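Read through the structures below before going on.
The same chain A turns up in both complexes below, where it pairs with chain B and then with chain C.
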Partner chain A sequence: MALLEIEDLHTYLYTRWGTVKAVDGTSFSLERGKTLGLVGESGCGKSMTLLSILRLLPWPAGRIVSGRILFDGEDLVQKSEGELEKIRGKRIGMIPQDPYTSLNPVFNIEKQMTEPIQIHLGLKKRQVLKERVTEILRKVRIGDPEKRLECYPHQLSGGMRQRVVGGISISCNPDLIIADEPTTALDVSVQAQYINLIRDIQSTYNVALLYVSHDLSLIFRICDQVAVMYAGKIVEKGSVHEIFKETLHPYSRALVTSIPPVDCDIERLPSIPGQPPKLFALPQGCYFAPRCPHAMDKCRQAYPEEFFVSEGHSVSCWRYA
Partner chain B sequence: MMDNEAPIIKVSHLKKYFPITKGIFRRPVAYVKAVDDISFQIFQGRSLALAGESGCGKTTTARMLLLLENPTDGKITWEGRDITQLSAWHRRRYKQRTQAVFQDPSSSLNPRMRVKDIVSEPLIINMRISKKDAENRVSELLQNVGLRPEDANLFPHEFSGGQRQRIAIARALSANPKMIVLDEPVSSIDVSMRSGIMNLLKDLSEEFGISFLVIAHDFSTIRFMSHEIAIMYLGHIVEQAPSGILCTEPLHPYTQGLIASSIMTKPGAGFKIVLRGEVGSPLNPPPGCPFHPRCPAVFSDCREIAPHFKEVRPGHYVACHLYTGQDASRIDVVRQETILKLER
Partner chain C sequence: MRSFILRRLLQLFVTLFVFLTIMFFLVRMTGNPAEAFAPTDATPEDIKRIAAGMGLDKPLYIQYFLYLKDIATGSFGQSHKSLRPVSDLLLTHSINTIKLAAVTVVLSIIIAIPLGVVAAVKRFTLIESSIGVFAVFGMSVPGFWMGIILIELIAVRLGLVPAGGMSGPSSYILPAITMSTLLIAGLVRLLRSSMIDTLDSDFVRFARMKGVRKRPLIWKHTLRNALLPVLGFAGVQIAMFLTGSVVVETVFAWPGLGRLMYSALIERDLPVVQGCVTLFVFFAIFINLLVDILSSYLDPRIRLG
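Presenting the complex of A and B:
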C-alpha cells in the first residue's frame, strides 16, 4: 500500500471574487521511501495540494470539498485537529520555501530545533535534547554544530538556515517530507549541495519525499515519479524515466522546451501563447486548449480523461485517446 | 565583426567600495569591496551578460552604469566621455540612451499610473513631444512588445507577470535607448511565459540595434540572451568568453562547477559536480585568488597571489593560476584535469 494516496481531491477557496477551484480533482500516490515531484507554475494549485495534505489551508476561505487523503491508510480529511497535531511535524516533516521567514528570529537554533522533539517524542532532559540536535545538525552537514546551536537565524547564511530547516523536518524521524521549492532562495552552487543533501537523507532514512517546484529539470534530477499540474488538475504523471524520455502533454513538453539549452545554440525559443487561466473563470473543455498548438474541436468541448500510454505513465490529453 | 568598431560603453578598472563606518565621525573601519577592478566593453547591438551568485557585484556594476552609484575608482567611458563627469545636458542624454528593465515588474511599475503614463513618461521627459504624438508612440510601443493598444488605459495590476514585464520593456524602449540593462529579466516570471519574453528581447535587440547588459544567474537564460558572458566572483571577473565557448569549454573551476550544475544528462542522478562551501564575504575576501577556499584544484600560489585576468585563447579570458604560463596546446588538458578534480 502506498504511504500517501490522494484520491480525487477538490480544494476550493471561497473568495469575494468567486470560488477558486485551486485543486480540482487531483489524484496521485507516493510509495514509502520514494520521491514524487509535483511541477507547475504559480497559481496551478501545487501549494494548495500541500496545504490540504497538512490541513493547513487558509481559514475560512480554503476548504476541502471532496476527496480523500490517505496517509498510511488513514484519511487525513476526517481527522480532528488534535489527531493532526500528532502527525504534523512528527510523521510528516515540512521544508518551506523561504529559510529567511520560516525560522523565528528571536529564538536561537537550539530552542527551535528541540521544540518539536520535546513535543512529539517527549524528551525532556536538556543534555539529551542537545545531543540529539547536535547529531541532526551533523546529518545535515553543518560544521561545528555545538557552536551553531547558540546562534540566532540572522547569524547564519541562507544555505545554512535552509539546512537547519531541513534538520527540523527530519528531527522526529518522519515517514514523509514535504518540500515546497526549498532552493529558490538559495544560490546556484548552494542549491546543488542542498539537493544532494536532501537526496542523501531521503535514501539513507528511507523517507518518502514530496517535492514541489516550478522547475521541471530540477524535478528530473531528484525524483522517481513526476506529476505535472495545470490549473488545479494533474495533466501528466509517470516515472521520471518515462517522462524524461517522452514528455507527452503539450503543456509539460512546453515546460521542457521553453528553457533554452546550455550546451548548444538556438536562435528562437518555442513559446506558449497566452497565459495561465484564471482559476475562477476556467475555459470549457481542456483548460490548456486556448494555449495549445494541437487543440482540436473535441478539446474545446470536454475535459480529457486520463489515458494510460504505458505502465504507470498517464496523460490527460485527447491526442492520446 | 566588431574589431573595427568603437564600443558604446567602455568600463575600465572599475571599483566600488562601500565603507563601513563607526563612531560619530563616521570613520570608515572597513570596506565592502563590492566591485574590485573590473573591465569590459559593450558594442553596438551586442549583448554582454554578467553572471554570478548573490554578492558577486553584478548588480552594483549595473547600478554604476545607470548612474545610481558613483564608482570609487576606475572609469566608464561613453562616446569618449567619462560618465561621472558629464555636463547636465550630456548626463540627460546618457540617461535617455541607457535604460533598465528590473527583475520584478510588480514592484518596478507604479501601481497608481496607467500603462500609457508609465510608457510615455520617458518620452515626455526626454523628447518633449506633444501629448498626441506620445499617445501614438505608446500604442506603437505596446504593439512592439506584444500587447494591444487598448491596454494603454489599464493599470499594472490588471496584467499578469509576463505582461507586466512587457510593459516595463515598452517603457525602456520608449526613449530610443542604445543600451538596456536587464537585471534578471525573467527570473520572477512564470516558466511558460519566459520564453516569450526572451524571444521578444532578442528580436528587439536585432530590430533596433540595442545592446543589452544582462544580469542573471541562470546559464540557460544568459546563453540564449547574450553574445558574450563574464563570470563574476566576489567583485572580480574571473572568466570572460563568447557565450558558446564559455558554456561548452569553461576554464575557471568556478565556471565549470556552475555550468555542470545547469546541464542535466541523466534523470534521477542528482548533481554530479558540486562546488563546496558558500560564497565568501566581500567584506573580508580571502587573500590570493578569491575562489581558492572552494577550489578543488587549489595549490600554494592561489593562496598568496591574486591571478591576473589574461587572454589564454583568442577572445577567452580567465583569471586562474592553473592556466598561467601554459602553452596553448595544454589549455584543454588542464581544463579536463580540473573537471576530474571537481567530480571527486
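Presenting the complex of A and C:
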C-alpha cells in the first residue's frame, strides 16, 4: 500500500468572484521512501493540493468538497483538528516556499527548532532538546550550530534559514516531507546546494518526498514519479523514466521546452501562448485546448479521460485515445 | 541596551530644554498675569506693583534664567495664587493623576487584550461583530457624556459609588471606566486587525505545519508579533492619561494634574502652568522611552539591529 494516496480530490475556494475549483479531481499516489514531483505553473492548484493534505486551507474560503487523502491507510479528510495536530510536524514535515517569512521573527532558532520535538516527542529537558537540535543543524550542514541556536531569524541568510526550516521538517523523523518550491526564494548558487541536501536527507532517512515545482527539468533530476498539473487536474503522470523519455501531453512538453538549455544560445525563449484559464470560468472540453497547438474539435467538446500509454504512464489528452 | 537607554535619556533632556524654552515665551504672550490678579478697581500703579511682586518687571532674559534656575533646582518657583511652591502642587496632583491612570491602564489592558484576540480568532461570527459594535461605541462616545451618565445612573440613582472626588477605592471606579472606554475601544480595534494580519502570516502557518496547538499558536506565536503595532498607540494614550484628562477630572472632581493646569491657565498662574507643562513633556518622553524599551524586548529585530 502506498504511503500517500490521493483519490479524486476536489478542493474549492469559495470567493467573492465565484467558486474556484483549485483542485478538481486530482489523484496520485506516493510510495514509502519515493519521490513524487508535482509540476505546474503558478495558480494551477499545486499549493492547494499540499494545503489540502495538511488540512491547512485558507479559512473560511477553502474547503475539501470530496475525495480521499489516504495517509498510511487513514483518511486525513475525516480527521479532527486534534488528530491532525499529532500528524503535522511529526509524520508529515513541510518545507514551505519562503524561508524569509516562515520563521517567527520574535523567537530564536533554538525555540523554534525544539518546539516540534517538545510537542511530538514529549522531550522536556533543555539540555536534551538542545543536543538534539544541534545534531539536526549539523545534518542540514549548518556550521557552528551551537552559536546559531541563539540567533534570531533576521540574523541568518536566506539559505541558512531554509536549512533551519528543512531541519524543523525532519526533526521528528517524518514518513513524508512536503516541499513547496523550497528553492524559489534562494539565490541560484544556494539552490543547487539545497536540492542536494534534500536529496541526501531523503535517501538517508528513506522518507517519502512530495516535491512541488514549476521546473520540470529539476523534477526529472530528483524524482521517481512525476505528476503534471494544469488548472486543478493532473494531465500527465508516470515514472520519471517514462515521461522523460516520452513527454506526451502538449502542456508538459511546453513546460520542458520553456526552460532554456545551458549550452545553447537562443534569441527568444519559447513560451506557452495565452494565459492559464481562470479557475472559476473554465472552458468547455480540455482546459488546455485554447492554448494547445494540436487542439482538435473533440478537445473543445469534452474533457479527455485518462489514457494509459504504458503501465506506469498515463496522460489526459485526446491525441492518445 | 545600556547605551540605547543612555542615548534616549540624553535625547529626553534636549527635548525637554527645547520645550521649556518655547513654552516660556508662549505663556508670556497670553497677557499680563498681574492684570488677572488685580482687583477691578486697581490703578495702573497697583498693577505694576503686583507685577513687580511676581518678578515680571525684570527683563525677559533675566526672567528666563530665573525660570531655568527654578526648574533646575526642582522648585519650579511659587504659585502666584496660593503662594505655595509649585513643586508641592505638582507632586500632590500628579500622584492623584498617576493613581487614576494606572488603574485605567491596567483595567484597559486586562479587558482589551482578550477581546482583541478573540475578535480576530472568532472572525465572521457574532462574537466578532458584538466586539466590533462595542469598540465603535467606545471610540465615538464623548468622555464628558459618558461620565455624566455614569454618575447619574450608578452614583446618584443606585448610590453604589461616590459621584466625585477622591476618597476610597470605590471613587476610582467611575472615572476609570470613563477613561478606559476609549483606550479599550482603540486597543481592541487595533489588536484585532493586527492579529488578523499576523494569523495570516507565513510563520503562523508554518507553526501550524509543525503541529503547534491552537492555544500556544494564538497566545505565543501570534500575539507577541501582533502586539508590536499596538504598543505605540497604547503609549500615546497612556501619556495622555498621565497629563491628566481635563474633562474626566472636571466631571468627577478629581484633584489631578488636568484640573490644576486648567485652573492655573484661567488664572494666568504662570509658574504653575510652566510646572505642569514641564511635567507633561517629561511624562510624554518617558512613556515613549518605555514603549521603545518594551518593543525592543518584544522584537529582537529592534534589539539586535
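Just so it is clear, the second predicted complex is superposed on the first by the 314 of 321 C-alpha atoms of A that agree within 3 Å, B and C clash if a C-alpha of one lies under 4 Å from a C-alpha of the other, contacts with A are read in each partner's own complex, and residues count from 1 in each chain.
Rule of thumb we're sticking to: contacts are C-beta pairs under 8 Å (C-beta built on N, C-alpha and C of every residue); 3 or more make two chains touch, one makes a residue touch a chain.
The shown structure was predicted, so the numbers you read here are calculated from the model rather than taken from an experiment.
**Student:** Mind checking the superposed model to see whether chain B and chain C fit together on chain A or clash?
**Tutor:** fit
**Student:** Is A:Ile109 contacted by the first partner chain B, the second partner chain C, both or neither?
**Tutor:** Neither: A:Ile109 stays clear of chain B and chain C.
**Student:** Look at the residues of chain A and decide whether chain B or chain C touches more of them.
**Tutor:** B
**Student:** Report for A:Ser42: first if it touches chain B alone, second if chain C alone, otherwise both or neither.
**Tutor:** first
**Student:** What angle, in steps of 10 degrees, lies at chain A between chain B and chain C when each chain is taken as its C-alpha centre?
**Tutor:** So the C-alpha centres give an angle of 80 degrees.
**Student:** State whether A:Val240 touches chain B only (first), chain C only (second), both chains, or neither.
**Tutor:** first
**Student:** Considering only touches as defined above, state whether A:His120 meets chain B (first), chain C (second), both or neither.
**Tutor:** Touch partner of A:His120: chain C, not chain B.
**Student:** Touch test for A:Val190: chain B only (first), chain C only (second), both, or neither?
**Tutor:** A:Val190: touches chain B, not chain C.
**Student:** Considering only the touch criterion stated at the top, classify A:Arg221 as touching first (chain B), second (chain C), both, or neither.
**Tutor:** So A:Arg221 only meets chain B here.
**Student:** Counting only touches as set out at the top, which of chain B and chain C does A:Pro270 meet: first, second, both, neither?
**Tutor:** First partner only.
**Student:** Looking at the superposed set of three chains, what is the minimum CA distance between chain B and chain C in Å?
**Tutor:** For chain B and chain C in the superposition, the minimum C-alpha gap reads 12 Å.
**Student:** Could you pull out which chain A residues touch chain B in their complex?
**Tutor:** My answer: residues 41-42, 157, 159-160, 187-193, 195-196, 199, 214-217, 220-224, 240-241, 244, 251, 254-255, 258-263, 265-266, 268-273, 275-276, 291.
**Student:** Quick one: in the complex, what on chain C touches chain A?
**Tutor:** Within the complex, chain C contacts chain A at residues 124, 201-214, 221, 224-225, 298-301, 304.
**Student:** Which stretch or stretches of chain B touch chain A in the complex?
**Tutor:** Residues of chain B touching chain A: 53-54, 160-163, 190-196, 198-199, 202, 217-221, 223-224, 244, 247-248, 257-259, 261-264, 267-271, 273-276, 278-279.
**Student:** Which of the residues in chain A end up touching chain C in this complex?
**Tutor:** It comes out as residues 54, 56, 60, 81, 85-90, 94, 96, 98, 101-108, 115-116, 119-120, 152, 154-155, 165, 168.
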